[in-house]
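Structures follow.
Two complexes follow with subunit A in common, the first pairing it with subunit B and the second with subunit C.
Showing the complex of A and B:
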C-alpha cells in the first residue's frame, strides 16, 4: 500500500534511520511472539510505522521528568505477551502488524525505588496501521541517583507571593515602557490640544528602524539606538513642517486635525506592512535569562532605567528651563504666548521632534524587551497609551508616568484573579472609575477641564 | 548555518523552511498577508540539479467543447500574500497534464490548461472576476485555490456554474461538506492534532501546557490534541485547556504574563499554537528558564528561525506539518513543468505541489471513468477513482487508465499518498510528518504517520 508515498518519503527516511539505529539502545526483548496468526507483536528499539505496521510507543519519566530506565513493560493481545525494558532515555516501543486493541501493562516491581504508578498499571491501546499509538504511565515520586535529563527541570515560581511579585515586576516593566511612549502623546496634546492617533506608529517606526540598523545592517545596538532616535526625531520635525504647520495655518479645527491623524495612522500601518510584511521583526538576536529581584532580563532593567531617567528629565525640562516655560506658556494660552514674543511655531516643532524621538526610543526598547515589533504593535499599544495619558492627566510628564504605571500594573495583576483575556478590559475599567472621581486625571490640573 | 552540516542537510533545512512557510500560509483562512513568506523564499536549488524533460501543456481554446476534451482550469495565486505558493501548484497541474497527455490524453484528446490568478482573500472582487472569466471559457473542472479564504469567496460563483472546484491546499475545517462541487485533498487540521497529540504522549509528557492564540485554527488544533492527551490516561492538560479562557488574543505583543502563568502550572511540555507571535513567545519562555527542547510546534509556526534567534535555541523542539515533503525528484519535475509552461524562475516553495498533481490526475481519471469531461460527470466519478468503490490500487494516470479501459474499478494513489474521499469530499486518510529542530530549523525528519477519520 501507498508505495508511492513511501517513495516520496524515502529520501528523508533513509538518512534518518541509521542515525536513529546508532543512537538507540539494544532492545532487551526482541523476540517476536505471534498472538493468534496476524497480530504479531515485536519489541523494537525504535519504531517507524509503515503502511502495514502500527507502532505502540511511550516514554517513562518520573515526577521530575527524568527518564526511567530498565522498567518492564508488556504488550499483549490475547496471545503470548511480549515484554521489553525501557531504554536509557526511558523509551519503549512495540511494532505490531495488526490493527486493533492491545493491553499494555507496567510491571510495578521493576520500577526504581521511590516511584509508584500514578494512574494504574494497565492501558488499553488501539493500534492503527500506519500510525503511532501512544502509551504512557504517569509516575509519582522522584528516583534517587537515577538518570537526569539535562533538558528537564521546567521552572516557575508557583507560590502565591511568587506569582504576585512576578506580575508586579511585569507590570512595572510594561508601565515604564508605556510611559516612554505616552509622554510624547501627552506633550503634543499639551501644546497643541491635538490627540495624535498616529503617535503609536512613531513607536512602531522606532522598532522597525532598530530592526533595520541593529539586525539587517549589523550596527552595534547602542549606536543603532542613537541613530534610531535621531531619525525618529527628524520624522517629527519633518512631519510638523509638512503636515501640521500648514494645517494649523489654515485654521483647521481640532476634530478635523484628529481625523487627519487617524488617516495618517492607517496609512503608516499599511506602509509598514508593505515594507516589512506581516511578521514580527526582532531588533536583537540575543535572549537573556531573567535575573535579579524583579526576575526580568538585564535589558529590561536597562529599559526601565532609561524610561525613568528620560521621564524625570522631560519633567524637569518643562518645569525648570526657559524652553520648558515657553512650552507651558504655549500650552496655556497660545495667542498670549505669541504676543509675549515666544516663537510658537518653533516651540511646537520642538515638541513634535521630542515626541517623535521618544516614541522611537520607546518602540526600540519595547521590541528589545518583548522580542520584536510588528506592523500592528503600535496600534495595539495605542489602546493603552491613550488611557495611560488620560488617567495620569493630559499634558504633564509625571502624569504620563503615573498613568502608565497604573495601567501596566492593573493589566498584569488582574490576570492573577481574572482570565488573561480580560487584562486590558480591567485597565480600561479602572480608567473610567478614576475619571468619574477625578475628571482631570490623577496629576492633571483641574483648570484645564471645563 | 554551521559549516559542519552536510549540503544535503542544508538543502533539506532550506526546503523544510519553505514547506513550513507554505503550510503556515495555506492554513490561515485569512491569507491576506503571509506572515513568513520570507522563509518560504529560501530556494531549494536541488530542484535544478537533474534535467527533466517536460513539454508545455496546450492552452485551452475558449470555443472548444469542454465535455469531450478535458479543459482543466487552474485557479492559483499568482499575486498576493500566497503568490509564493503559485509556482509549485502551477507546476503540479502542468506536470500532471504533461503525464496525462504522454499517456494518450483524456478521451483520446490532449488535455489543456486554463490558468488564472486566484489572488488573495482581501481581493475578493478580483478572485471572483477571474474565476468568472475562467468559467465563461467553459472549463471541465478547476484545480485551486490555495487559500481557504479565497475558497469561501468564490464558492457561490462556482456552485452557480455547477463546476467542480478541487483545492489542493485549503485546510479550514469549515469547508468540510460545504458544497457538492467542492473537493479537496490536503490533510485536515484534525489529522495534525491527532498525530502531534500522540507524539506528545509517546514522549512521556504528563503535564502539557498550551499557549494558543484565540483563532479557530488555534483552538481547533488545541481541542484535537487535548482529547488525545486526555484519552491517554497518563497525561493531562495543566494550562490553556479548552474552556479555561487562557488563550491569548492574536494581536497580543507581550507574553510575559502568559508565560509566567503557564510555567506556574509546572508543565513538562509546552505546545505553542501560533503564527508569527511565536518569535515573541520563544524569548519570553527562554528568559523564564524554560528548556525549549520540551516544546512542540504546529504547522503554523514550524518555520526556520535562524535569522531571528540565537544559534541552537530551538534544538530538540518537535513539530508537525501536513502531508509529505515532496521528494527531490518530484521537486525537479515540478520546477521543470513550471518552467516549460512559461515560469520565469525556480519555485521558492514546494508545499502542496504534490496535492495539485494528484488533484489534476484524479479529475482526468474521473473524466475517463465517466467517458465524459463534463463537470457533472467528473463530480460523480471523482469519489470512485479515489477508491471509494474499493478498486485496484494504481499509481499513475497511465496505469489507472489501463485498468479503467479493462473495465475495472480503481484507487488512484499519487504523490501525496491520500486515501479515498469520504462522504463529505474530504480525504479519509492522509499523512502528517513530524520534524525536529536542529539549531533553529526543523530539518530533522522524524516520522510520518497516516491519520484517518
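Showing the complex of A and C:
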C-alpha cells in the first residue's frame, strides 16, 4: 500500500526532485588531490553543472530551518579564496572547473545576531565534475525576525502574523511526519503492550538508506524511496521474527522487553554513527526555494501530501479491512482474539512490518525536507514521538495522528517565544502535564492506565 | 607481553579513577530505584546533571563548598518530588517516560545558550571554576605528586589522589548506607513493594510514601555521583544525557540488580571492558576498520547489545539472585 501511494505520487514528485541540500559533504570515496588553480572557482547565482564543471552549493538554515541570508561563505583550493553571500533563500553556490578537494568556510561574523556555528566553520568538500556537491553548516540558535537586516526582505514577511503563519506551516509539516512514526509506535504498543524505545531508530534507518540509495548509489529518488520503504518494512518483519516473537514466547515481562528496546536503541544509534559518522547526510541534492501559501519548499508540500495519503490509507486499513479488524481485536483483547481464530502472531508481525515501513518513510521524508539525516535524528525525534503518542492516547492510531499534529504545532510555535533549542523541552513539558491531568491521553480509554 | 603489561596498568588506572567511583555511586542510586523498589527511572543522568549544576553554579556565584553540596542535594530532592508526585501512583512505565523526559528537559535547558551566564550553555562550566573550592579542603599539600607503582598523580590539584580517595570514601559510605538500609524494616518494606505492592498496602503501609522516599534517596545518591563525576571532568550537559542513564542500567544489570555491591562490580567491569576495547583496538585493529575516535561509539554498541543480552539471558547479573528480580509487570 505504501508502494502504491508513492507510485501514485511519483508523477507529482519527478519535476520537483531532487530537493534542497543543506548538509555536510558526501564522503566521496575518491580521494583526489586538492584542486589546484583557484581561478577555476566562480561564485554563481545558480549552479549549472556540465561535463566540465562541478557545483558546490548549499543552503544555510537556522535551527528553525528558516534561511539565513547575507552570510559570507568562502570557497578555496590553495589559491585565492572566492567569497559569496547567501541569497534571500539562504542559498549559496559556486561553480568550479576542476574536480578535487575544496575548503569551504563560513565567516562567523557575518551571521545574523543570535546564530552560532554548531559544528565548526570549515568543511572540506570533494567536487566531482558533472556533479553537485552539497555543503552546509549546522547553525545553532534562531534569528530574531525583527533584528535582521531590513534592506533585503526575505521571502514572505517578517511581520508577527507572517512569522506565526510560517511556524504553523512548519508545525503541520513536522506533525504529519511525526504522525508517520507515531502511528507505528502506537500500533506496536496497542498489540503487544511494548513501549518501543528503538522505534525512532527505524526512522533514522529510513533516512540513511535513502542516502545510500539516492545519493551514494544514484538510484532515481522515487525508485530509491520504494526500495527504502520495502527494506525498512522488512527490518520490521525480521526484527519480530528474530527478536520479539522469541522473547514473547520466553515469557519476558513488558518491563524487561522495554529495557531490551532501550539497549537496541543505544546500539542502533551508535551503529549509525559508526558507519555514517557524525555529519548530516542528504537524500537529495538540489536546492529549492520556499513557495506557495505555506511558504515551504515544493518537496515539503509533496512530503505532506504523501503523509496524508499514507495516513488515510492506514486508517482505512485499520477500519475497513479484515486484517485491520483483526489488528484492533488483538489490541483490544489478545486472548479473546486468539480464541476467536485470529492468528495473533501473524497480526503482530504485520504490525511490526507496517510500523517499520511507516517509520522508514518518515525518515526518508524527514531527510528530504530538512536537508538530511544524522545519526542522532531518531533519538531526538523520540523525544517528540513519545509525547505525541502519549498525548493522543497510547495504543490508539487516530490519537497518534492528533497528538503528532499538536506536538508538531506546539514545538514550532513555541519557538516564537522561546529559543529554538527549547522547543523539545516544550514538547516534553506537555508530556508531563498530560500525564498528570489525563494520563490516558486525549483519545485513550481510562482502563489503559494502571 | 608489553601489551598485556600496558593493558593491566590501564585497567588499574581506570579502576582507581574518579569516573568509575562516580558511576558506581550513581548506579547504586539507580539500583535503589530499579533494583530494590522496582521504580523504572530512566532519568538517573538527570539527577547526576542536576547535582553537578547545583554544585558548580553555587560555587560559581561565590558560595562555599558545603553550600554547593547542599544545593545539589536539595535540587535532587525537589526534582524527585516533581517526578514522583504525579507518576508514582500510575503504572510503572509512566514514571519511565516522565523521568526520561524530565532528564532531557534538564539537559536541553542547561545547554541553552540564553542561560550561558549561569550554566555556560553547551560548553558547560569548566572544572577550574569550582574545583578550587574542593581542593582547598585537601589535607594533603597543595603541590607535589605521589607515585604508587606505575601510577603517578598530583596530590591535590586536578586529577589527584585526593579526588580519588574522596570519591572512593563517598562510594564506601553510600554502599554501607544502602547495606544498612536494606537490613532495616524500611529496606524490607521497599523490597516488598517491588514484589507485591498490594500485599504491602494491605499490611497498612503507605506504599506511595515509601516509593517517594526511595526515589528521593536514590536521586540524591545520583546527584552525589554527578558532583564527583564533574570534579574529575567538567560540567557538560551533553555528557550526562540518555546514553549515560542506559549505561548505568547496564552497570546495574551486569553487576546484579538488588545487590549492594553489584553496581560497584558492574562499574569496574564496564570500564575494564571499555579500556580493554581501546587498548586492543589501538594495538591490533587497523585504523581503516576502526579508528580511535570510533572506539567510544563501538563501546556504546557493545553496551547496547550487552544490555539486551543481559536482560534476556541473565537478568540477575553476576551477583544477583534470580528470585530477587524487579521485572514484574
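Going forward, the second predicted complex is superposed on the first by the 288 of 450 C-alpha atoms of A that agree within 3 Å, B and C clash if a C-alpha of one lies under 4 Å from a C-alpha of the other, contacts with A are read in each partner's own complex, and residues count from 1 in each chain.
Everything below uses one rule, namely that contacts are C-beta pairs under 8 Å (C-beta built on N, C-alpha and C of every residue); 3 or more make two chains touch, one makes a residue touch a chain.
Note that the structure is a prediction, hence the values are computed from the model and not measured.
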Residues of subunit A touched, compared between subunit B and subunit C (which is higher): B
Partner chain in contact with A:273 - subunit B first, subunit C second, else both or neither: both
Touching partner for A:228 - first (subunit B), second (subunit C), both, neither: neither
First, second, both or neither for A:247, with subunit B first and subunit C second: second
Touched partner set for A:439, first subunit B, second subunit C, both or neither: second
First, second, both or neither for A:163, with subunit B first and subunit C second: first
Touching partner for A:419 - first (subunit B), second (subunit C), both, neither: both
First, second, both or neither for A:374, with subunit B first and subunit C second: first
Overlap of the subunit B and subunit C footprints on subunit A, listed as residue numbers: 273, 419, 421
Residue ranges of subunit C touching subunit A (in the complex, touch as defined): 40, 42, 86-87, 90-94, 96-98, 100-102, 104-105, 108-109, 111-114, 122, 242-243, 246, 249-250, 253, 294, 297-298, 300-301, 303-308, 311-312, 315, 326-329
Residues of subunit A that touch subunit B when the two form their complex: 1-13, 15-16, 48-49, 51, 57-61, 65, 67, 90-91, 118-120, 123, 128-138, 151-158, 162-163, 166-167, 170, 173-174, 273, 277-280, 282, 285-290, 296-297, 366, 369-372, 374, 376-377, 380-381, 411-412, 415, 419-421, 423
Footprint of subunit A on subunit B - complex, ascending: 8, 12, 33-38, 81, 194-195, 197-206, 214, 228, 232-235, 244-249, 251-258, 260-268, 276-277, 279-284, 286-291, 293-294, 307-310, 313, 316, 324-330, 354, 393, 395, 413-417, 429, 431, 433, 444-452
For the subunit A and subunit C complex, residues of the former touching the latter: 116, 140-141, 195, 247, 250, 252-256, 258-260, 262-271, 273-274, 379, 383, 386-387, 390, 419, 421-422, 424-425, 428-429, 431-432, 435-436, 439, 449-450
